[in-house]
Amino acid sequence: MNIPREKLLMMYERMLKIREFEDRVRVLFAEGELPGFVHLYLGEEAVAVGACAPLNDDDYITSTHRGHGHIIAKGGELDRMMAELYGRATGYNKGKGGSMHIAYPKLGILGANGIVSAGIPIATGAAMSAKVRKSGQVAVCFFGDGASNEGTFHESLNIASAYSLPIVYVCENNLYAVSTRQSRVRKIEDIADRSIGYGMPGVVVDGNDVVAVFEACKEAVDRARSGAGPTLVECKTYRWRAHFEGEVDTYRPPEEVEAWIKREPIAPYEKLLVQQGIASEAELKAIKDAVIKEMEEAVEFARKSPFPAPETALEDVWA
Amino acid sequence: MRQLFYNQALGEALAEEMRRDKTVTLWGIDIGPYGGANGVTKGLWEEFGEARVIDTPVAELGYVGMGVGAAATGIRPVIELQFSDWITLPMEMIVNQAAKMRYMFGGILEMPLVIRAPIGGYLNAGAQHSNSFESWFAFVPGIKVVVPSTPYDAKGLLKTAIRDNNTVIFFEHKKLYGIKGEVPEEEYTIPFGEAAIRREGKDVTIVTYAYQTLRTLSVAEKLAKAGIDAEVIDLRTVKPMDETRILESVKKTHHLVVAQEIWKTCSVSSEVAALVAEQALDYLDGPIVRVTAKEAPVPFSPSLEEEVLPKEQDIYDAVLKTLGR
Amino acid sequence: MRQLFYNQALGEALAEEMRRDKTVTLWGIDIGPYGGANGVTKGLWEEFGEARVIDTPVAELGYVGMGVGAAATGIRPVIELQFSDWITLPMEMIVNQAAKMRYMFGGILEMPLVIRAPIGGYLNAGAQHSNSFESWFAFVPGIKVVVPSTPYDAKGLLKTAIRDNNTVIFFEHKKLYGIKGEVPEEEYTIPFGEAAIRREGKDVTIVTYAYQTLRTLSVAEKLAKAGIDAEVIDLRTVKPMDETRILESVKKTHHLVVAQEIWKTCSVSSEVAALVAEQALDYLDGPIVRVTAKEAPVPFSPSLEEEVLPKEQDIYDAVLKTLGR
Amino acid sequence: MNIPREKLLMMYERMLKIREFEDRVRVLFAEGELPGFVHLYLGEEAVAVGACAPLNDDDYITSTHRGHGHIIAKGGELDRMMAELYGRATGYNKGKGGSMHIAYPKLGILGANGIVSAGIPIATGAAMSAKVRKSGQVAVCFFGDGASNEGTFHESLNIASAYSLPIVYVCENNLYAVSTRQSRVRKIEDIADRSIGYGMPGVVVDGNDVVAVFEACKEAVDRARSGAGPTLVECKTYRWRAHFEGEVDTYRPPEEVEAWIKREPIAPYEKLLVQQGIASEAELKAIKDAVIKEMEEAVEFARKSPFPAPETALEDVWA
């Protein structure tokens, strides 16, 4: 494990932030405080964090409907995110976006997306842009197992491979697309095998092991940045909650859910950090306390923020 | 009479047609054991089995295209899209293939394809889950476009759609799934191209459809209190459009308002206005007034969505405007 | 003045903008050494190299989507579709992504994306190579729609499109690539939303665009011989639409004909008619008359295509009709 | 070579028919007799014929913009095809379709297609229909190397595999999509490798060897009909002519074109038939003469046929 201490602790902090944020969203949504609908990332924290950790601030990501985790992993601030979920003017996107449309280009975040698989060509375009501008930037594209059955996946991976674009495709295989267990609509076990059809490397990693994700993605990011082209990284993981909050999950065996919750990514990582002498329990607790405090403040910030003024409704349509 | 929810009425139409005709086959995402994102297909997988109620992967172009090939070869596919927003993905299969195949091929095959898709906003669902694209499909020859506003219509029109040998896009407004209405036990169908006069009136014609029908009726009550007697026409199908009823009504009231949820340019509201300007211009005693969404994607925040989508007050004001009050 | 073909004028616009701004980058099928299906990009690969003139695989959703991502991150992609017919494939990327991203994200990014695509019929190219979908895009907020009819306009509007920070769909009529017209050597651009009055007249306003402009002008000459003085307005951009010029003209002539190549329902012709019915109804002394394609896919056989697409005679007759002659 | 004599001769006849038809279309188009535009199948005859030979009359095919060969291979009559190319009322599609839109459902021909890759989901739907109706029919889907980069390919093959649909995907890899050499826009050599991503068998065959194509497709068709699911068969071949008639082909090395023309599929097959004692040279000549005569008559038929009456223009839009 040849990873700088700072990075290791940053990964810990960001996983915690995701966990706290999502858990709070769960409660707030149930209490009717949040409009619209939300898809939680609980249980998949290690994927976003491991994949974003090798990136620079100006590297790009595209995200999905289940986007909070990716945005936090890329450095998104909890307060402005929460304000966006509340539909407030102080949100990252002035309340125009909401949970499924948070973007923050300053951190390379090109948007969560309400359309499954739509981020794939967009990330590919960001990678093409980086290549044309010779900027040295890399793009990481998050998408689900469900999204890998869309045509965008195929077209984009082929294009990225043909032009050796600086991009890493990170498939979050959580076994389901809404209610549909993927084995019912796809004959292959590993989505990573599809990389063969594009002549790019494909890797399978344990998506609940943040170090494993980091290492696989670091290699892929380095490869991308060096001009050697894209990689498909498949992370096996699981979502704890129903597809969206409020959905009744009748389609997954409770034993399966429980087994995966037992395999959650943060506690073992905590143990690892302590065992390897990276941080003491007290140090980790301090991080956790700070996250909890930040979370409290984020909710307060959002609640106190004004709704966007109606007269702003027609702004931002045109340049 | 028996009351059903709009989504139940749709499910009943599907079940009845599947019993009547073994070639009626459903596919879409999560329509099997899950019963569909809006509960329309609940119970159908249990009754008809997975050979006729098929869960597909997330691959809209592929499974709608599969519908085109199946419809051309003796199956009546009824395909559910979870939201109509991503009907953008299978456009090719609908517009260049399904809509044209009979014609291009000189009439030697049929295209009994139905695509069901929820439309509409007022749900804080944001820019990619609040679209309504009925105008696009009305533009294309070979496609019929259905926009029911009541459980009764939903059932009767869906049965007609399934029996129709043309491509039918069947738009269900999300705000309507949970409304209840009378649906008789007896079998019935509703012909396409017949608008419903939801309220007779003599002072102004308001042409509308889908969820705006409910809102327009509520406005009509308020107008009545102000002494204005509005005739409310619910198109039910925007293609074919019931030109006769629209023109007759305008010839009677001499005033036209068109109320539609989504954007104005090149839309159903444009077409209704153009129709009247072409064929009944002389009867008009005031300008045609359109009530539509404002020119912006549908925003997430409640305070903004309210501003972009039409308000009941907008319809009220439009009536005053055409009446010159 | 110097004469250029329409496709040359477009190529010159691309070359000039690529020289001016290093972020202007082209991609599409066969636009490199081949020079594009219609010769527009001839010579650009040689001048700018394969890093800026990129041949893509046949994957419209993918490479248009790539344009969206690139436009959001500091590149100005100008993408060629070989025919606009299959703009059905990347609809999702254009409509739900490119058109909405700035708005959904609260204005924090720009979308300087241009998609060039040939439209139109009269070439016996059949139902899948003769489409015109400008009405669909005019419907969607966040998208500008350009439909130039002359080499001069083609160049000036394309330069404007490339500099615009919005999604622009740039439709080039196939019948126009081979026409010649004056194009000055000096640099110029043409603002969006300004229609061109191609012929002044006092008896009737004919609003048209793209290839129908040429046909309408020829009809106007015939009308002149019959003593009818037609004003011909070429929209140049259907979104934004030059409402002012349309309304002013109608207020002068009191008669409106709209001539467009493709289908009628929910189209640009509907919108122009609706606009006038809303804002200038009192000025009209005759019905609005629309000239459009008949309600069928564009057939292959010359004898049928001639029947489905509008004839010059149709425009002539429409004028007589609104004038009550 | 365990193929009935009749089938072997039928394959010979159909390859000849395609060759004669296309060569005549080439001339007629150059002479300005045919409206619109045409894409010729010259050089690829063995693919269509080998792939259709295992099929029954009621099995389905979908075709492409380069469709004449597929339609003849499936049993299409030259006269009604030629009439369609002339835009005459007696054509298969009353002149409404033209070269890119010939269909004849009675022979399972679901249409040539002007949209690259659009036939792929349509064929998949025909296979689904056969499965739902338990009809025992099989679908064969023709498409090019270029089309294999479209999303439809991906979505359809995954769907077909997931439901074990009775379909065979026949990729005609002629190395180019219009001017674009496929190696410039795709990193893999064999499109058949993409089958791995769908969990279906993928096969590469010499597309200029009609027996090889037949044998690979026969196996795939049998597999499909038995309920074992789809196969991807990639046929390596080449088009002799420019992408469409009238195009100036500056993008292919003349040596390459010549080399492939030397490897043309009919002459070696003729030799094989004679050598193996399947038919005498005289018998083959008789077949050829009959084809030439049929071709003459087809042109005459087309020329003499009336254009469709204008008042039929609005028929067939609606059921």
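Labels A, B, C and D are assigned to the chains in the order they are written; within every chain, residues are numbered from 1.
Everything that follows uses one rule, which is that a residue touches a chain if its C-beta (ideal position, glycine included) is under 8 Å from a C-beta of that chain, and two chains touch if they have at least 3 such contacts.
Predicted model, so just to flag it, every value in this text is computed and none were measured.
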Co-neighbours of chain D and chain A - touch as defined: B, C
Distance from chain C to chain A - Cα centre to Cα centre, in angstrom: 40
Mean-CA-position distance for chain D and chain C (Å): 36
Contacts with 2+ other chains: residues of chain C: 56-57, 59, 61-62, 85-86, 89, 92, 96, 103-104, 126-128, 141-142, 295-297, 299-300
Touching two or more other chains - residues of chain D: 94-97, 101, 113-115, 149-152, 154-155, 158-159, 162, 184-186, 317
Pairwise touch network: line, ring, star, complete, or other: complete
For the chain B and chain C complex, residues of the former touching the latter: 61, 85-86, 88-89, 91-92, 94-96, 99-100, 103-104, 126-128, 131, 135-136, 138-142, 239, 241, 263-271, 273-274, 276-279, 281-282, 284, 286-290, 295-297, 299-300
Residue ranges of chain A touching chain C (in the complex, touch as defined): 60, 62, 91-97, 101, 103-106, 110-111, 113-115, 118, 120-133, 139, 151-152, 154-156, 158-159, 162-163, 315-319
Footprint of chain D on chain B - complex, ascending: 23, 25, 51-52, 54, 56-57, 59, 61-75, 77, 92-93, 96-97, 101-112, 141-142, 164-166
Residue numbers on chain B that touch chain A, as the complex places them: 29-30, 33-34, 37, 55-62, 85-86, 89, 123-129, 294-297, 299-304, 306-308
Touching residues on chain D, where the partner in the complex is chain C: 35-37, 87-88, 94-101, 113-117, 146-147, 149-151, 177-180, 184-186, 250-251, 307-314, 317
